[in-house]
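Lettered A, B, C and D in written order, each chain numbered from 1.
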Amino acid sequence: MSRIQYPSNIRIVRVPCSGRVNPFFIIKSLLRGWDGVVVSGCHPGDCHYVSGNLVARRRFAILQDLLNLFGIEPDRVTFMWSSASEGDRFANLIKKVTKNIKRLGPNKKFESTW
Amino acid sequence: MSENVNKYIKRKVYKKTSSRIAQKFVDAGLQEIRACINCGTCTGSCPSGRRTAYRTRSAIRRALTGDESVLKDIDIWLCSTCYYCYERCPRNIPVTDMIIKLRNIAVEEGYILDSHFVLANNIFYATGHGVPATGENNKKWRDLRESYGLPPLPPTVHSYPEAVKECQELMKAVGFKKLMDNAAKLKEERAKAEKKDKEE
Amino acid sequence: MSEDYKWHYGFFLGCVIPNRYPMIEASIRSVFDHLGAEMLDLPGASCCPAPGVFRAFHIPTWLVIAARNISIAEEIGVNPITGCNGCYGTLRDAWYELEHEYELKKEVNEYLAKIGRTYKGNLEPKHVVQALYLDMGLDHLKDYIKFTFSDLKIAVHYGCHIVKPSDKRPWDGEYEVPRFLDEIVELTGAKSVDYKDKYMCCGAGGAVRTAVKEVAADFTREKLMNIREVGADIIINCCPFCHLQLDLGQVEVNNFYADIIGEPFNIPVIYITQLLGVAFGMDPNLLGLIKNHELTGVSPFISIDPFLNIIKNQLI
Amino acid sequence: MTEAKKELEKVKKEIVVTGNEKPQVGVYVCDCGINIAGVVSVPDLVKYAETLPDVAVAREYKFFCSDTGQNIIKEDIQSGLINRVVVAACSPRMHEPTFRLVCKEAGLNQFLFEQANIREHSTWVHMKDPEGAFEAAKDLIKMSVAKARELKPLEVKTVSIEPACLIIGGGIAGMNSALDLATEGYKVYLVERTPTIGGHMAQLDKTFPTMDCSACILTPRMVDVARNENIELLTYSEVVEVTGYVGNFEATIMKKPHYVDQEACTGCGVCVDYCPVVTGNEFDLGLATRKAIYIPFPQAVPGKYTIDMDNCIKCGICAREDVCEPDAIRYDEEPEYMKVKVGTIIIATGWDLYDPTGLKQYGYGRYPNVIDGLQMERLLSSTGPLDGKPTRPSDLKAPHSIAFLQCVGSRNFREGGNQYCSRVCCMYATKQARQYKEKHPDADVYIFYMDVRAFGKGYEEFYESAGKNYGINYIRGRIAEVSEGEDHSIIIRAEDTLLQEPMELKVDMFVLSCGLESRSDAGEVASLVRVQRSSDGFFMEAHPKLRPVDTLTEGIFIAGVAQGPKDIPDSVAQAKGAASSAATLMAKGEVEMEPFFAVVRPDRCIGCGMCVENCTYGAIELIDDRHFGKIASINQALCKGCGACSGNCRCSAIDIFGFTGEQIFSIIMGGEL
């Protein structure tokens, strides 16, 4: 809405709520060769569906340990709060994430499975 | 020409703006300067403006609109860096930092007062102290130290000649020496030109 | 570092303290020692460099030299501490920038490498007053108080850079009406009197004193008039450059502005640790209050005898 | 519509798509004028779309949301060319309903539509990087086509709507919404937290620009609200829980104890004379006092008394027979809870005044003669503590000079400030300055401002007159600091920016024109009803231009300053808009629910019960299935489709219609499933 510019190398997948994001989606994305995954949810307490974002939060803490185990840098997965009104915050977070992921380089771990 | 022409006719029309100085601020990461709404909080806060011709907001506005005479103005050297303007600006403009940057630009273009030049070049660069205790003139200060039971020279660069060298090396590397030499050159050229103007 | 002390600092002297007001150096050293804080020397430290002057000439030079000074404290492994608002401004602002901007730190270290030094970071530069108020705390200081001076009326002068820029200072963003220095002063039983524009600048900073002494002195004139208006006996401050401006500045004000100030000024200017030391019952000789040689043309330019007289009565 | 056409509509049957036939996707890439086409090459996107699997046709058009654009899609559907629709255009928030309707009208199940947001997610946000934007748009189309191929037809469900509305907040906004809805015949529960309705408007003296007496126009409305039989007025009450969804909300309301029986109390006020406790009066902002038993102000509605138990010393005097004859005092009253069922909710909780204590340079709270704008309003008010004869706090003398400072807390990007313009303060300061001049024509009145924002009908004229007819001095400059001079006068330092000179000015009283802020508890209300707030803290509208009274939660509306700073006319206009939107919804009698429910795949579910715990709506229970044993089962009436169950199911045994695992995987894999 606010048309604040952010890097063009992200693609957005629409889900009803961050609570909908099954860890399999993330794992699948990384297997498929996406370099990083961002799950963006509403701020704690602001969830349209009451607490989906908190449910999601808990789940991803565990997921990051799991990724480590697979040898995928856990930094490739970012969980963030950003409400619909915070265009600039969203843009800044995306900038930060892109910078982080650039530092990690391309995700080629599972290239052979593509 | 009648006397009144010189007295009353000014024919000064504000013609164009330039963004040369503004761009220098932007390049230094200080683009906030462009968010100024000219509210005057900075000038109103300024203890210097209450007694001198220095006007904080106007200095910023002149820099922004490209009135380069602001660099020559001694006024910008009358800010005491008290930071009131910095603290109160409703647009979060780091005003005092802007003034400091403005002075940097002025020095770059050779606008530095003689007293400041001597302080920078002849004292700080030479001794590593802005207010030294070495030299014949300063003997009384060494005596004063002793009168309070302190060694005549403090354990600073004054007691470690190699530390002075270190500082000088750094100042050369980072371009301070060159900046000062250049400022001296520009000052001299300007003085010559002025003198010539006067003679004509 | 000695085990006998509870706190350890690297005493960054700067220029004005050691070279013009050594009594301040003496009093800080003695009072900190008395309170259980070790003051280690920072060998080869230079000018901070002064924030309003050298920073205003060339920001990179300012930053690199400041980083060098901090790196000396890092070598010893103690927080640098200064009794000067200007040094505090430089060390702390430089530290703040270097902590927050990785690229800048890298660049600075490239320069420092040329002289075989590195700036590591993390060691917060402190002010003497910050150490007294935040590290030690009023309760600790209170335990040392031996004498109080209930008749003494004090005009406290904070100066600028100890509180501003407030985002880089440890006072929770307070800059308009800070109280910490008043609270320390009031430990001595003296009254910190309010006066108009108490938090105003002394006028010396920002290269103004070097540029046009008369302008600096006009700030000072205004402060002094306000201080005299409320009948303060002495001025207490925490910065040697303010100290100089308020002390030597009185002579200049009496000279430049004789026609508008009425009576010439002669208000004793005392550094905070000198006052504290007296209240702690320490030997005035250790506090830079007694000169052992007769010297002329040196500080203090305004006699502090009235102060010594007041406290003499109290001490007896 | 002609009879013949109606017949035709009837016989036209839905194009039967079971979801199992080969997908035929139509891709429609919108130029959106230059919004999209100005950044990326739409023809190239079309060419690219044609290469994607199962794409039967791809087309470009200037505005697909226009009539002509819609018809292009309809024709393709009706000719049997396609059975899935992808529109690559703006945000689905903008036009998803439009294009679903296109499908529906063309006879295609509306859930076989997918929108690729190449405007908000690409051309707008990567405007300066056209190549990146093009790549992003390509991928977004590819992802949408991939998902479209997996779409299955769904049936919409309709639910009936309770013809009742819950309104939270009884200020001028809430009252107006309530009156409109009640007049239209809907039941209204008006919940107000204080003992009276009226809100902040009751504290104002006169109102700009017409200078109507605030109480004179407000009081009759308050009485109307109290009298209206469709309005159940619940003052001194708070909403503590809201469950359910559009059409069928259930709210729990706590009625706080008044400690005075509201039925029995006659409002005679005898108790007040006897009560020994004197305390600050919040209505007069501490400028006056009240007793522990009180009504907020004389015209309060309902005019029944309340005991402020925080201050009451329980002396028992008010309960004496000779004091309260009707025997209305109830010291042991407990809070009461009631549940109401409503179809819609309107939030009209209003505002708080910015607290200027943090701006220490202005001396508020330190110098007695520095007050805020709302206090000034009380001082000027003929019903105020000084009967409209304003004096300054330090000596209760009429000040000879007053300065106002504008934008206090507003337009301030520092921490603790509000970035927005608060919209009413320029006008209220002008109003107050004029009022003071009317009472004291020889007083000097100054207004320090940055810009005077007099944007409403009749406002500029009001401002002009302030200078011309009243001699109010406007000085352009934001005051830097003030100090106290002799006799508690205030010395102001500022720059007169138009003269470019610093100035010092001594005045007798200093008024801070503080801005409006979102309520300090707005966050709690937001979580209670599950609506979002914008970054300034006010409740967020669904669209700033086109849906300014709706929230993103269906069935919940906002009115008045709760949505953002505004004056009374705008608050009332918005309140009427909110009432009308709520009524429009309720008039339909039923709403269509998006059929995005959770479904359990019994063959995969192991009955672990994890989902039961994760569902905030209690929509899942474990049942015993004849074939599969213990499995999860979804109550579709309760399920909101949030997906929390599905996100957490280790067995991938729960799917969400519209966002199934297959659909999302196909997006991630870019169609290469």
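Definition applied: a residue touches a chain if its C-beta (ideal position, glycine included) is under 8 Å from a C-beta of that chain, and two chains touch if they have at least 3 such contacts.
None of the values given here were measured: they were computed from a predicted structure.
Averaging Cα coordinates per chain and for the whole protein, the chain whose average falls nearest the overall one is D. Ranking B-D and B-C by contacting C-beta pairs places B-C first.
Subunit A and subunit B have Cα centroids separated by 48 Å.
Subunit C and subunit D have Cα centroids separated by 52 Å.
Centroids built from CA atoms put subunit C at 24 Å from subunit B. Taken residue by residue, subunit D touches two or more other chains at 361, whereas all remaining positions touch fewer.
In subunit B, the positions touching at least two other chains are 84.
Within subunit A, contacts with two or more other chains are made by no residue at all. Across the assembly, chains come into contact as A-D, B-C, B-D, C-D. The part of subunit B that touches subunit C in the complex is made up of residues 47-48, 51-52, 74, 77-84, 86-87, 94, 96, 99-101, 103-104, 107, 112-113, 115-116, 119-120, 124, 128-133, 138, 140-141, 143-150, 154-160, 162-164, 166-167, 169-171, 173-176, 179-180.
On the side of subunit C, the complex with subunit B involves touching residues 13, 15-16, 18-20, 22-23, 25-26, 41-47, 49-61, 64-65, 68, 89, 111-112, 114-115, 117, 160-161, 164-166, 175-176, 197, 200-201, 203-208, 210-212, 215-216, 218-219, 222, 285, 288, 291-293, 295-299.
Listing the residues of subunit D that touch subunit A in their complex gives 92, 117, 120-122, 124-129, 131-133, 135-136, 139-140, 143, 523, 526-527, 530, 532-535, 540, 544, 552-553, 596, 614, 616-617, 640-644, 646-649, 652, 656, 658-659, 661, 664-665, 667-670.
Within the complex formed with subunit D, the subunit A residues making contact are 1, 3-17, 19-22, 24-25, 28-29, 32, 34, 42, 45-52, 55-56, 59, 83-86, 89, 91. Contact residues on subunit D toward subunit C in their complex (touch as defined above): 360-361, 366, 415, 483.
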